[in-house]
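Letters A, B and C name the chains as they come in the text, with residue numbers starting at 1 for each one.
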Amino acid sequence: MNVLRRVLLGLAAPVLALIVAGLFTTLLLLLTGDDVGGFWDTMLSWPKNRNLVNILNSASVLYLSGVAAAIGFRMNLFNIGVEGQYKVAMFAAAVFAGQAWLPGKLNVIAAVLVAMIAGAIWAGIAGILRTTRGVSEVISTIMLNAIAGPLVGYFLAKWGQSTGNSTQTKPIPEESWVGGITIFSDSVTKLYGLSLLAVVVGVLFWLVLNRTRFGFDLRATGSSESAAIASGVNTKRMIVISMLLSGAVAGLVGLPVLFGNSHNYGASFQAGLGFAGIAVALLGRNNPVGIAFGALIFAFLTEQGNLLNIMAGISPDIVAVTQGVIVIAVVIAYEVVRRARTRIEQAAVADALAAEKGAAA
Amino acid sequence: MTSAVAAGETAIELTGIGKRFPGVIANHDIDITIQAGTIHALVGENGAGKSTLMKILYGVQKPDDGTIKVNGAEVSFATPSDAIAHGLGMVFQHFMLADNLTVLENVVLGAESLHGIGDDARAEITRISEVYGFGLDPDELVESLGVGERQRVEILKVLFRGARIIILDEPTAVLVPHEVDALFENLRRLRDQGHTLIFISHKLDEVLAIADHITVIRRGTTVASVLPSETTSRGLAELMVGSELPSPSTEESTVTETVLLAVRDLEVTDEDGRQELAEISFDIHAGEIVGIAGVEGNGQTELVEAIIGMRHLSRGTVTMSGTDITHWTTRQRRESGIGYIPEDRHRHGLLLDSPLWENRILGHQSRPPSVVGPWLNLRGARADAERIIAEYDVRTPGVGTNARALSGGNQQKFIVGREMSGDPKILVASHPTRGVDVGAQAQIWSHIKAARKDGLAVLLISADLDELIGLSDSIRVLLRGRLVGRFDPQSVTPQELGSAMTGAGDDR
Amino acid sequence: MLAFIAGGFVLLSAVRVISGADEITSSGTLAVTLTATMPIALAGLGGLWAERAGVVNIGLEGMMIMGTLGAGYVTYHHGVLAGVLGAIAFGMIGGALHALATVIFGVDHIVSGVAINIIAAGIAGFLAEAWFTDLPGGGPTQSPSLADPGKINLSFLSEPASNLEDKHWFLVSDLASVVEMFTKNLSVLTLLGLALIVGSFFLLWRTRFGLRLRSCGEAPEAAESVGINVYRYKFTAVMISGGLAGLGGAYLALVSTSGFQVGQTQGRGYIGLAAMIFGNWRPTGMFMGSGLFGYTQALPFRDGTHSVHALLLVVAGLLVAVAVIQWLKGSRRNAIISVVLGAVFLTWYLTTDIVPADFTKMAPYVTTMLVLAFAAQRLRMPAADGRIYRKGSSG
């Protein structure tokens, strides 16, 4: 199969999904009698610099969450628990950094490690349960998500500071803030310093997955656990390690906001990033570059969606519908493309054999 | 069309049946006539197209060409239900049973309208079971039944639906000999009561013992129709494989004094602590092929997995070149030079949706040329996959093709090539030619012989006695998890092996 | 199973008498428990239908969200009966989407389910704003107050039971509470839900339809080989699954509260799935699991501190019971672990006066994890559950 065909087949699914989602959204707007023209004008307008920065900020956070989910997906592990993992991790990091035991940026580095460890532990519980007790990680991570809320709530009440009717952790000292990076001089918003973590994680993910033995073992386990075992992969160990890695990356999700904006864990906690990350991973086919596109598309839609209320009088929630439809359409499209690809390849093999026979005769 | 057709009339007539899959012609120009009230055997090698033909007859797949007549009337089956409605029934080689349902539930499934799902059905099942001597309890969970009993459930399913024409796909493959005898007894009783039976097999002795008529299939088409009284196994075998009868034959012995693999008192138990293997001891020397014969399910899979390190031993040791490797992981064993051709290549040998060059790395994740330290060497893996494709005659457009797209024989040749890479000392080959075409079979045999010549210790597990006799330097028989006999392939006959495999010649 | 329930009940009763925490079996607590249990049980029942046919349905949450929306919209405009049907229909739309993706296109069940949850949350948020903002009493995130589906009162039974309950006798008063729970202000939807659970059992285990459906979850190839249209049964099962989850949503919007609110499912679809696994893919077990979740949700609403604290004693008692059973089974190690844990809970009970509310919230999830961890080997899910099946794979 030539390269062009491969690329075309690879692009077919996401493009198809975007079109389907666009059509479905339009239909829904027509159904509710909303301003369809206004919707598309708003969504397709080029964002202002300020909004562009917002898009990059939220895309980087989504990307981290997407990679966390993808690490599991690549070996058929469904870590539905990114949501709980980043909650626990962000809280742990906020508490740690708020104590200011270490000076300045050292505090940041240590807090990043704390977050990764906390996320890894929370995910590791599911990994251990799976390998030692055979408990499906889907159900245990869902349970861990549900436990994370009250657990963090309890310790927040215990260790946090109350101001008015909200409670938050002790603020991070200003010397440990990771301030914004100015991209556009006319924009008041700045890129979170720790957004760069997404770049680092992305490069590492690609490198480990495609260029190392560990990555090969991980992918092999994902595509056929039985073949991986026969090839000498200790799949139990792989399950635990990849859950730990997945959790560690999940632990990073909350950090750009924590060190760049909120400076404490409290009411400003943004929920739902874990599930959005799963969607982004699916959209990007668990591929480091694909997830980046997925994250950008999702962030773009959300940011533009925020304008809908003002510009066209439409609820921004419509964007969530679009995003969801993209995801389901893309997974169906990938499956259809995969089947088509197998058929094309089998035909190619047959052609090659027929040509060979013809030449021999 | 009447369902009660007297013996001697034509029950089934297939004319010019053809079926193509992408890249494969499974069947072409098939012509078969089957008399009512007889046992008609359909013989052919693995991959000759028997199973596809039966799926067509049973409505699982649709033929591309040709006509099917049942009791004289032309039919076209869109689904198995259509076939069932015409009085056909199929007993699959891989049982179509739900373990977690009872015998009753399995039997009535899909045929509830006949006798309901309650006491009427229970009475009917008990009746059939008694008439044919099946001895089945309708309310038992299928999970708790043995292989022979499960097969009887399958036959009962078919009879329950009132089938007069019953297709049995390799029914003896999973049975031990006394079960085969019992099955044949059941089949004769069915025939004598007017049923027509189509018996698919590649075990020629069995075919000669049970069939009234024999049709031979080779490379997707019918090549001969004979009576058992007019032929011999040898004659049938030649019809099955064509003019040349490739038989693996070992040249002079290359066995040396060096013991490469030594197994001592090996014992494996399952989760419930039942013995699957016990008291297994043997040596394989450099340049020696030790063949393991046995009816499937007597511990072959467990033995292979224990040696590869996929199973935990409850007792005993495995030693490689004098080093105790009992507690080594699969990876350590592979690194130190054990090659492994698995029994089920789709499950254990390949990443079906990955390109061939990635499949080259599989099992060699820690060794050059595919790996440098912790890093993959993509170029090395590609180049070496190219080498395997050339040296082992793997027919594929290139190394970027996904393994799934290749035919079984080519997949297997690739696996053999891969496992022979990196200078292995020991080769564990489990059913290496199962489900591959005759050409690939001959090639794989010659590769195994070459390995022996190069001084490898080879453990060969096979269900094909000719393969075992032809390749091995020594044959051991595995029965109920124990090694029960040791034979010299130069002098042993398939009959002697057969009786050892069944325990008939067991003097213990 | 019955002995188990009875034993637990006696234990609860005993703890009530010892601790004086009357609320742990009061009719009020039980009534709230039942209300909290039903949506979870309906979602769980939906999960059971899908998984019995071999399709994992993690999209229950989304289908439930669809149900709340359908109940809100249709009830407001067409009355409560239509509203319940509308909720079921809305849930079924979600089910149809899941069936399309998993059964027809062979998409991974978890992936499809997650996507459906995202879509449903988006649709509910968007349509709620479009539909309810301008209605009197409505808003962008909630519907106007909705009519109640109706309640059943059998006062000739509930009043004597209530009197009996007030006597606080050992066991007798507790049983009276149970009678009162079923005879006083029993919602019609609760009755419907209970009927559906019983009906599902009969349909799935006692009819030809059920046998065929279960065979698709146990061995789809075998089902296909005897002429069963596996796709159709799986599709039907997932549609019913969606409908039941939708009904669970209706229960939330019409009985638990009196109107639709964005986000009111709060993960109950997931909990229903957990309850189903907890109950070993059987209706009775699933209902018990749901009850456990419902009870721990309900108790803090009534006299939170004292009753929950008394529950520590129940847990200690249960652990001792487990220890005895394990000891008799010959597993001394497990018995000792149980006794030690029991002692920990007893100490906790004796040395404190209250249990933080957060711990109570966590309790059912932790329990489920522990049950899964220690009983996973004994759980028996349908053999082909979650497996992607493609037509023509038989033979």
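Note that in this section a contact is a pair of C-beta atoms (placed from the backbone, for glycine too) under 8 Å apart; a residue touches a chain by one contact, two chains touch by 3 or more.
Molecules present, by chain and UniProt name: A = ABC transporter permease.
Just so it is clear, the structure is predicted and the values come from calculations on it, not from any experiment.
Farthest from subunit C, judged by the mean position of CA atoms in each chain, is B. The chain pair with more C-beta contacts between its two chains, of A-C and B-C, is A-C. In whole angstrom, the spacing between the mean C-alpha positions of subunit A and subunit B is 45. Annotation: 30 Å between the Cα-based centres of subunit A and subunit C.
Spacing of subunit B relative to subunit C, judged by their CA centroids, is 46 angstrom. Contact residues of subunit B toward subunit A in the complex are 22-24, 308-310, 329-335, 340, 342, 347-354, 358, 361-363, 365-366, 371, 374-376, 378, 395-397, 400-402, 404-407. Residues of subunit B that touch subunit C in their complex: 51, 54-55, 58, 60-61, 79-81, 84, 90, 92, 94-101, 105-106, 108-113, 116-117, 157, 169. For subunit A in complex with subunit B, the residues that touch the partner chain are 1, 210-217, 219-220, 223-224, 226-234, 338, 341-343, 345-353, 356. Those residues of subunit C lying in contact with subunit A across their complex are 56, 58, 97, 100-101, 105-108, 110-112, 114-131, 140, 267, 270-271, 273-274, 277, 356-359, 361-362, 365-366, 368-369, 372-374, 376-377. Of all residues in subunit A, those touching subunit C in their complex are 28, 32, 34, 78, 80, 129, 133-136, 138-140, 142-147, 149-151, 153-154, 157, 275-276, 278-279, 282, 315, 317-325, 327-328, 331-332, 335-336.
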